[in-house]
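The two complexes that follow have chain A in common; it is paired with chain B in the first and with chain C in the second.
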Partner chain A sequence: MSGTVTFSGVSRWYGTVLGLANVSIDVPHGIVGLLGPNGAGKSTFLRLLTGQIVPSSGRVSVYGKDPVREASVFRDVGYCSEDDALHDDLTPRETVRLVSRLHGFKGAEAIGRADRALALAGVDVYADRSCEGLSKGQRQRTRLAAAMVHEPKLLVLDEPMTGLDPVARRAVLDLMRSWASAGRSVLFSSHILHEVEAAASHVVMIHKGMILAEGSVAHLRSCLSDAAFTLELRLDRPRDFGAMILKAPHVRSVEVTPEGAVRIASDSATNLMRDAVSVCNEMNACVESISAPDDNLEALFKRLVK
Partner chain B sequence: MPVHELVYKRMAERPQGKPRNQAWAISSYGFRLAYRSKLAWMITVPSFFPAAIIIFIMYLSQEMADGVGNNLARQLAQITSTDNDGWTVGAAPAIRFLLDLQLWFVTFLAAFKGAPIVSEDVSKHALDMYLSRPISPLTYALGKLLTIMRGLFIVEVLPLTLVIVSAWALLPGCFQHAKPLGLYTLLAALWVVFAFAALAVGVSSIGKSARFAVIAWFTLTFFTFLAGNVLSLATDTPEFAYISFRHDVLTVAAWIIGLPNSVPDGAEDPFAAMAALCVYFGLAGFALYRRLRRGILA
Partner chain C sequence: MSPVRGSLIVAGFTIRHLLGRRRVFLLFLLSMVPAIFGILARTFAPPRASTGFVQVTPELFVAFLVPIISLLMSSNVIRDAIDDRTVVFILSTPVGRKAYAIGSMLGAFAVSAFALFVAAAGTWAGWRAGLAADVASDLSLLWGLLRVSLFGLILYVPFHSLLGAFLKFPTVIGIVAYGVLDLLFASLPGVLRKLGPSAYLEALLDPSFTTRNSLQQTAVDSFVAITQSEARLAIPLVGAVFVLLFLTQMSRRDLI
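The block that comes next holds the complex of A and B.
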């Protein structure tokens, strides 16, 4: 079996609105981030994966099973939806215990697993308060605990960091990493680029219902190495360097910032890197720092969307 | 434990048990949830008043000396009849009356705690919480049905059981010639509980909000009740009474006890009532199927 989740030519229409367009993808093991702006089709992707909606065409397979027809697939999958789906009159402990029992655990085993999942999600300190009085972040963590209670092979998290404070976000990211290091997989969606970049080993970029790109962050960067690129250098003679590099045909613009750095925009990342090094050598320049503002997922995403 | 130190470590490998009794688990937590509201208690506590009054009268009929009070008590507590045919003309109608009376509490509890049971999950997106687990929609529906039945059991079956047990204890010889009466009555009460719970689950599946479900429930129970009675009286055609869901359920319950349904006269055929109920249950089942069919939840 190649991966955890396989989409084969999957399309999903909501009336005349296209949610997902002919998507074929094999989601690998590890931490996989589903990245896209609001309305890109991330939730549609995850709802198809969890069998809440059926594809208009194509086939979805999770661990080789159809999530719509075979509920047993959820023994291996833990799902935390983006919706605030909790019973207000139950406590987090009761909620997670109920979920534990739904997974077939009984008696002390069900209670033990629920308590452990609550501790894992950091909910144990307020586990006996009514869900009604919990903050959005606390409710989010409760749902996270419910998704983890049966220790699934694959954790599917729809916008898991929504409503969390920075400390809690960090905790969730750490939790995902430790989850993956224990040999399990996490598939999470987010529209916040640095979250995905910080946690995911594999990224799926989605926009307007289509998969723009997928792979590791390094792989995606390498695919776009010859695309437009910006480089920023701090060196001893910035104006001289700017004048020399401007002669190269691929350079679109050169700007010397008030701080004394040179920012070069080029049509080709590969050529720019090569020429920058050769000009520095020629000038015998003393380079303080080199940075690439475009060398992140955000820039990559902007380029792909364009 | 500080939040930033939370790290997952795999538990000792203990395979998940084969999921069983999930419907019961759903109903256990659903029942607990229902009785955390004051409204449920406001309906449940008064539902024991009629039984308490009848038990008190039975007690008086035994304790008071002969006289007006004693006779009145004996008349009211007709389940003291011990002659061969007495149970059909005495005890059974008395219990049948109590069954009917308790039905009002059933109607209101089913309205406020039963009808919203699925629609509330829909409106709060809590269906995900259940159906993204290894359970089928049928198990979920069964769990919700059991949740309502447990509540209705308290307001319908328990008071009747108390009366029957008290009659057996306070009035010696009460069931001497009518031993099955208590069993038949409990069977009829269970039937009523099941019928109302099944319909409540169906009604709950129609709308996407709890308020809509409550309105739909009252519309169904009261509108069909009024329509059935008005039409049967206006046209002098008793068969119109079968329109009323409540009448149909009671007709079958009365048949189980061994008595004809009393209101309105003429429409007392249990099989006609069952046929009418099949239509209601069919519609309820269809609504439930439409709501819970996997793949259309979002």
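The block that comes next holds the complex of A and C.
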């Protein structure tokens, strides 16, 4: 797919601290999750992308434009920062109308767009209260409405779910999905793995200013196939199963938990999956459940960081 | 979105934002200091000729109110937006950095000019109260004073905006700059007064006004005069340099 955002050899230094190290990446269309722990460089990445800061070296291009020098790029990009920044002397409605006018919309169209964005973000109920008195979640939604008011092709959200209650998180997730289902893109950052896993079709893993891995969730999962892997099964004869699977050379350990589950640690996920199925067939075992604690992005992330 | 329209929207928003701040009341109170002097003078002193307006007012405006009001209005517009990150809000729209910078300056200029207009009108009205002398002559002096004050804003607003955009504590730095340039250099009789912005503004005032310039001119041999033509050239030129520096830096540097 063609890239919406391209970083070519981009580095960013803050004095002697390296924020981003020689990053080259094409961010594709769809919902893209930027994943990394706090201080990994996610916000630096998004600030460079939105032209708030200038790269120390390299080139950032958004839809073919330099976001620092070509403000017209924001016709296609909506940005919601992680900072709790709102003009407290305005109401959400005034805030979003101001942003609508700054996008070049006039009169009734500016008002109509603002009202639609407020409704979409679920802000319409408290749209006429002063921003000063709003909760963190309400302020977050107001900024989200402002980012969506011009219906951009790319919505950039910096930690959009931080500080939100579960209901609000779900609402933001749904909003991202509906945004993408309309053929538009969302690039969001998070340090919470399951959020990224739940929403993103494509993941960029970042750590210490470097891109550790990127690709579709399926692709990243496949990277785990040759990795150390743990499988947990609940079945009728756990000890027999444990004894048989232990014969496989890739199995490192087998443990039967007090709850009666058998937990197998292996050097190879692919081989373990194959052999576990074959042993179950051989034993004619009755399997209640299979779970793979390591079969997620967190495991991959931990592995990459090591 | 044309840059002009973007700048005007930002200017309108800046005006609203500045007028909505609690501190704006203090600024308007500050700008009324000459008016309060005028009222006190009329209340407690015996009626005198209207030349009192000519003797007291210009120095208060040109050497104090214009730089201080400009400093307090302009220096924090962009600084506050950077510090509380609301600048990101506006700069995530097609309004470019330069249009934002120009809009902010225009907004600060408009509010400063309004404050000075209120101050001058208050001062004049206070001084004139109960005075039976010719009103028309004083009125022309008042307009002359306002014109020079607005001229001063052409220099000070870009300078203070520049400080605000790139220094952490622009008001403190601005007060230090004011102390050195306007209070010290502009009051000296020698060549250093050419570094004091308010010395140039004094040179543009009607000669009938009493200023540091007019007092020293007759009393000090080594006095270095600034001519009106020098002032007319230097103020817009230096103001333009500050605008250029401000815009160039705004378009190149990190905003947060």
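One rule holds for everything that comes next: the second predicted complex is superposed on the first by the 305 of 306 C-alpha atoms of A that agree within 3 Å, B and C clash if a C-alpha of one lies under 4 Å from a C-alpha of the other, contacts with A are read in each partner's own complex, and residues count from 1 in each chain.
The criterion applied here is as follows: contacts are C-beta pairs under 8 Å (C-beta built on N, C-alpha and C of every residue); 3 or more make two chains touch, one makes a residue touch a chain.
Since the structure is predicted, the reported quantities are computational estimates derived from the model, not experimental observations.
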| item | value |
| --- | --- |
| Combined model on chain A: chain C and chain B, fit or clash | clash |
| Contacts of A:208 with chain B and chain C, given as first, second, both or neither | neither |
| Touched partner set for A:179, first chain B, second chain C, both or neither | first |
| First (chain B), second (chain C), both or neither touched by A:122 | first |
| Touching partner for A:50 - first (chain B), second (chain C), both, neither | both |
| Residue contacts with chain A in the superposition, chain B compared against chain C | B |
| Contacts of A:86 with chain B and chain C, given as first, second, both or neither | both |
| Chain B versus chain C as contact partner of A:109, first or second or both or neither | first |
| Partner chain(s) touched by A:234 [first = chain B, second = chain C, both, neither] | neither |
| First, second, both or neither for A:167, with chain B first and chain C second | first |
| Chain B region in steric overlap with chain C, selected from 4-12, 58-66 or 112-120 | 112-120 |
| Interface residues of chain A shared between complexes with chain B and chain C | 47, 50-54, 68-69, 71-72, 74-75, 77, 79, 81, 83, 85-87, 89, 95, 98-99, 101-104, 143, 146, 150 |
| Chain A contact footprint on chain B (complex, rising order) | 1, 3-4, 6-11, 14, 16-22, 25-26, 29, 32-33, 36-37, 124-136, 294-298 |
| Chain A-facing residues of chain C, complex | 1, 5-6, 9-10, 13, 16-17, 20-21, 84-86, 88-97, 99, 251-256 |
| Touching residues (chain side chain A, partner chain B) in the complex | 47, 50-54, 68-69, 71-75, 77, 79, 81, 83-87, 89-90, 94-95, 98-99, 101-106, 109, 113, 116, 119-122, 124, 143, 146, 148, 150-151, 167-168, 170-171, 174-175, 178-179, 182-184 |
| Chain C partner contacts - residues on chain A that touch it in the complex | 47, 50-54, 68-69, 71-72, 74-75, 77-79, 81, 83, 85-87, 89, 95, 98-99, 101-104, 143, 146-147, 150 |
